[in-house]
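By written order: A, B, C and D. Residues from 1 in each chain.
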Amino acid sequence: MSGPQVCMWPIKLALVMALAALFELAEVRAQTATSAGPVAGADAALIDDIVTGSRVLADFGVLDGFGHVSARHPANPNRFLMSRSLAPALVTADDIMEFDLDGNAVDARGRTLFLERFIHSEIYRARPDVMSVVHTHSPGVIPYTISQVPLRAVFHNAAFLAAGAPVWDIRKAFGETDMLVRDVAIGKDLALTLGDKSVVLMRGHGDVTVGPSVKLAVFRAHYTDVNAKLQSQAIALGGEPSYLTPGEGAKADAVNLVIIDRIWNLWKMRVPTPPAK
Amino acid sequence: MSGPQVCMWPIKLALVMALAALFELAEVRAQTATSAGPVAGADAALIDDIVTGSRVLADFGVLDGFGHVSARHPANPNRFLMSRSLAPALVTADDIMEFDLDGNAVDARGRTLFLERFIHSEIYRARPDVMSVVHTHSPGVIPYTISQVPLRAVFHNAAFLAAGAPVWDIRKAFGETDMLVRDVAIGKDLALTLGDKSVVLMRGHGDVTVGPSVKLAVFRAHYTDVNAKLQSQAIALGGEPSYLTPGEGAKADAVNLVIIDRIWNLWKMRVPTPPAK
Amino acid sequence: MSGPQVCMWPIKLALVMALAALFELAEVRAQTATSAGPVAGADAALIDDIVTGSRVLADFGVLDGFGHVSARHPANPNRFLMSRSLAPALVTADDIMEFDLDGNAVDARGRTLFLERFIHSEIYRARPDVMSVVHTHSPGVIPYTISQVPLRAVFHNAAFLAAGAPVWDIRKAFGETDMLVRDVAIGKDLALTLGDKSVVLMRGHGDVTVGPSVKLAVFRAHYTDVNAKLQSQAIALGGEPSYLTPGEGAKADAVNLVIIDRIWNLWKMRVPTPPAK
Amino acid sequence: MSGPQVCMWPIKLALVMALAALFELAEVRAQTATSAGPVAGADAALIDDIVTGSRVLADFGVLDGFGHVSARHPANPNRFLMSRSLAPALVTADDIMEFDLDGNAVDARGRTLFLERFIHSEIYRARPDVMSVVHTHSPGVIPYTISQVPLRAVFHNAAFLAAGAPVWDIRKAFGETDMLVRDVAIGKDLALTLGDKSVVLMRGHGDVTVGPSVKLAVFRAHYTDVNAKLQSQAIALGGEPSYLTPGEGAKADAVNLVIIDRIWNLWKMRVPTPPAK
C-alpha cells in the first residue's frame, strides 16, 4: 500500500492527453456536416436491415455504445455500407456511409468514421461469400476470448459454432497495442484467423460474426452470445458437456437460413426507435 | 490458423442453399392466405389460454422467436390446437389451427406449419392424460440437456420435477440430424423418453413440458426454467444440494394444481399485447 | 427409458385431483364477496407500507405470484394485517385483512386466505419485537436453503445477516409434506428456528425476514436476496471470502435503521401501480 | 437451533434505537429547507454531468438507493460539488451542493448531507489530477472486495484496471466499525490505498472510481462493474484467464478518453427522468 504520488500526476495526465490527441487525429473529422442522406444506389431494404440489426443487438446488450453492423454493397462487391461513428442504438438510414475495401469513405462529407472499419474491409476482401459483418463486445463471449476453453455449439440455434470459433490475439503479430483493429495490416491478420468460419473471437475485446446476409450475421452475433452464456452454465455444472458434432452443426445451421425471418420479423417489430438526434 | 480458402466458398454456399431449399419444401406453404379465423368448435377460453401462455413464456424469455404451446381439442381427443408458424410473442386467436394426431393440419388454408408439430401429435397419442404440450429453448434448461447432471426439484413450485426429467438424445436413434423433431418417427421416440413424466429434456435443443391443462403446462415450462437456474446456483456453491424427495414432490405438485390461478391471473394481466401484424 | 404407461394415468390423475380438492377445502372460501374495505382502526400509512412493500418486492423479482408481507396491528399486538390470497403485485389497500395470532381472519367476509398465514401468526406470537414479517421465494436465497453453505453477510447493506441466518427443514419434525406452513404446529416450529434472528431460510421453499417495521422487513427481504447472489459470486471466485464480523454487522445494521427512508422513498416512487382488478 | 429468547428483545431493541439515534445526530439536519438552487459560479454543464452520471449509474444498477457522484469545483480546486443526501436516481441540479476539502458544506441551508462525503474530500485533497469521484455498491465488484482474487482488466473498455485495483479494508486501521467512511481519518486512509490508481475496492462495501472528468469517472464505475462480471465468468470456465498487460491497458485507456462522448451521448438520451419530488 503506497501513498499518493501527487507530484507525478501532471506529467502522467499530460502524456495521456497527448496520446489522446494523437488518436483523435486518426479519426477523420470535419468542420461542417455531421449527417447526410443515405448511400446512392443502395437498396433501402438493405440499409433498413443494417439499422434494424444495429438496434436489435443494442437492445439485447450484445452491443452497448460500441460495435457496428455492415453490409457488402449489393451492386459493387468492392464496396460496403456502414454507419458513421455512432452508438448502434442511435443509427438511422441517414447515418449509413459507403466504404471501399481499403476502409476509405467514398464520400465522407466530414462525417466521423469508426476507427475499426478495417475489421469489415479486410473480411470483405478475404471472403467473397460474406455479405455482412458484425463486430461486438458481446458480454457472453468476452470470457471465452481470454480463456483456454474453446467456444462450442451447445444447441441448434448456434449450430454455426460447431465448425469452430477461433480466437485471434492481436499481441501475437503486433505486440502491445491499444487492442483496436485500426489499420489494414491488423484487419488482414484478423481476417486470416477468421478463415472460412462464421465467428472469430478477439482476445480481450469481443468478436466478429459474418454471414450471407445482414439478418444472418446479426442472428449469429445474438446466438453466439446466447450460446456462450449457456456453455458457461453447462461447464459450471461439472463434467464434460456434450456439444453438437460438426455434422449436426452443418445440418442445423442450414435450417437457420430458412427460419431466420420468423425471428427477424419479431425483432423488427420490437426494436426501439432511437430518440431524435 | 489457416488462411481464407476463398475458392471453396461458392460451392459451400450453393450446397447450403440447396439444403435450405429442401427444408423449405418440407414446410407447407400457400400462395394465398396467411391468416384465418379461429378453430371451429373450440372453446374461446382454451384458445385464449394458448395465446396467453405463448406470450407469457415469450415475456419470461423461456421462448424467444421459437417454441410453441398447444392444447388437446376439448371435443375430440384425436385433435389438437396450435398456432401456425409464428414467433410466440405474436400469436393471436386467429393464428390457432387444428391438427390430427399424425401432425396434419385439418384445414391448412395455406398457412405455414411448425416443422416440429410432431412433438405435440405423438405426445397426445401416447399420453391420454395430457391436455397441453409446451416446447421451449429454455435458457436455464439447455445446460442440463448437454450435461451428465440430472435436473432435480430444488423447491416446491417445481415439485413436478421430483418424479424425474429424462434427457432425450436424438442421435441415439437417428444419428447426425438437424436436431429437429420433423417427423412422426422422431416424435414417437421423444414421447417414449418422456414416458409418464411431466418434462423431457432434448439434448442440444430445449425441453417439452406437459400437463392436464394449458395453464399447468405453461406453469411447468416456466418453473422448469426457474428450477434449473436455481439448481445451477446451488451446485456452484459446492457440496451436494438437498433436493425434494419424490414424496414431497407429489404432495407439493398437488398444491400447484390448486393455486395455479393466482399466478396465471397475474401473468394474464401483465402479458404484453403483440404489435399489429 | 420406459414406454408410456397409459393405463395408469386415469388413476393417478384422480388421486391428484382428490388431493387437490382436499387442499382446496383447507382454504376459506365464500360464495359472495371477494373484496372489502380496509381494516378498521389501522393506520392508512401502515397499510400503504404493506401494499408498497408487496409491489416493490414483486418488482424486484423477490416475490413472483407467491409470498406475502404482513404487519402487526399497531393498536393490538395480538392481531396482524395481511392481504387476502392474491399475487403480491396486485395487492391494494382494500385487500388487507386482520388476523388473530391463531391465524384466524377476524372478519373474513368470504375472502380467500393465504394457506401459509401461520408463518406470520406464530412469529408474531414468539417475537414481541417483530412488527413485520415477509415471506418470499427469493431466487438468490433458494440455493442456500438446500446447501450446506451458510448464508453470511458480504456487505454492510445486508449487515443483519452477520448474526446468522438459520435453515429450517420442515422434514425434520413433520416428515414428507407438501412443504407448506399450513398449520399452527408447523408455524411454531419455523418460529423456533428463526429464534432471535432477522432471517430464517426454509429448505426447498424460500425465506422469511422480520423487522421492527414493514420498511425494514422489506429492506431485509431485498438485501437478503442481493447478498445471497453476491456471496454466490464470491464463492465462485475460489478461496474463502471475508465476511462481515458479527460486531461489524451489528454496527452497520444500526445505520440501516436510519437510512431506510432514502431507499424506501425511491422504491415508493418507482413501484408499478397494479392493473385494475 | 435455540428457542426464541423473547425477554431479551426489548433491551436489544432499545440498544439498537439508541445507536440509531446517535448516527442520526451525525447527519446535519435542518428544521427548514430541504432543497435549494444550484451552486453559484459552477458550470451548468458540469452540474448536468453529475446529475446525468448519477441517474445513468442508477439505471445500470451500479448504484441503487445509495452511492454518489461528485466533481471538483472548476473555479476552486479546494471545493467539490455533490448532491445532498438523496437516492442517485432522484438527483436534480437543485440538489447539488458545494463542499470544502474537510467535507464541510459551504452553504448547507439545512440540507441533509451524505455521511460518506469524506470519500470525496480526501481523494480530492490527495489527488490534484482527479476531477471527479464516484462511490458505488457495484454488484459485480462486491465479490472482489471480499475475495483474495484481484480484479484485473479483461477487455479494452476496462483498460484502466490494468494498472491495478487495490482493496481497502477499513478494519486494518479502524477495527470493527459500521463500515462507513464517516470522518476525515477514514477518508485519508482510503485515499492512501487508492494511491495513483483509478479504482479502489472497499472490503464488504463497494468501490470508488476517479477520473479527469465526471464522464470518465462514471464510465469507469460502469466498466469496472462490467469487467468484474466478465472476469468472474472467465474464472468460472477454469484455467488462468489472459488479462490485458499494463502496457496494453495504458494504451487502450487513452482511447477511452477520446471515445467517451459516443457512449455518454447515448446514456444521456436514455437516462430516465426522475419522478417529481
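As a convention for this text, contacts are C-beta pairs under 8 Å (C-beta built on N, C-alpha and C of every residue); 3 or more make two chains touch, one makes a residue touch a chain.
Here the structure is a predicted model, which means the values were calculated and not measured.
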Taking shared numbers over all numbers used, above half giving same and below half different, the subunit A and subunit D interface sides are different
Between the Cα centroids of subunit A and subunit C the separation in whole angstrom comes to 45
Rounded to the nearest Å, the gap separating the Cα centres of subunit C and subunit D is 32
Note: subunit D residues in touch with at least two other chains are 236
Contact graph of the chains (line, ring, star, complete, other): ring
Counting only contacts in the complex, subunit D reaches subunit C at residues 1-6, 8-10, 12-13, 16-17, 19-20, 23-24, 27, 64-66, 85-87, 89-90, 115, 137, 139-140, 142-149, 169, 171, 176-180, 203-206, 232, 235-236, 274-275
The answer for subunit A against subunit B in the complex is residues 126-129, 153-157, 159, 166, 191-196, 212, 226, 229-231, 233-234, 236-239, 241-245, 247-248, 251-255, 257-259, 262-263, 265-267, 269-270
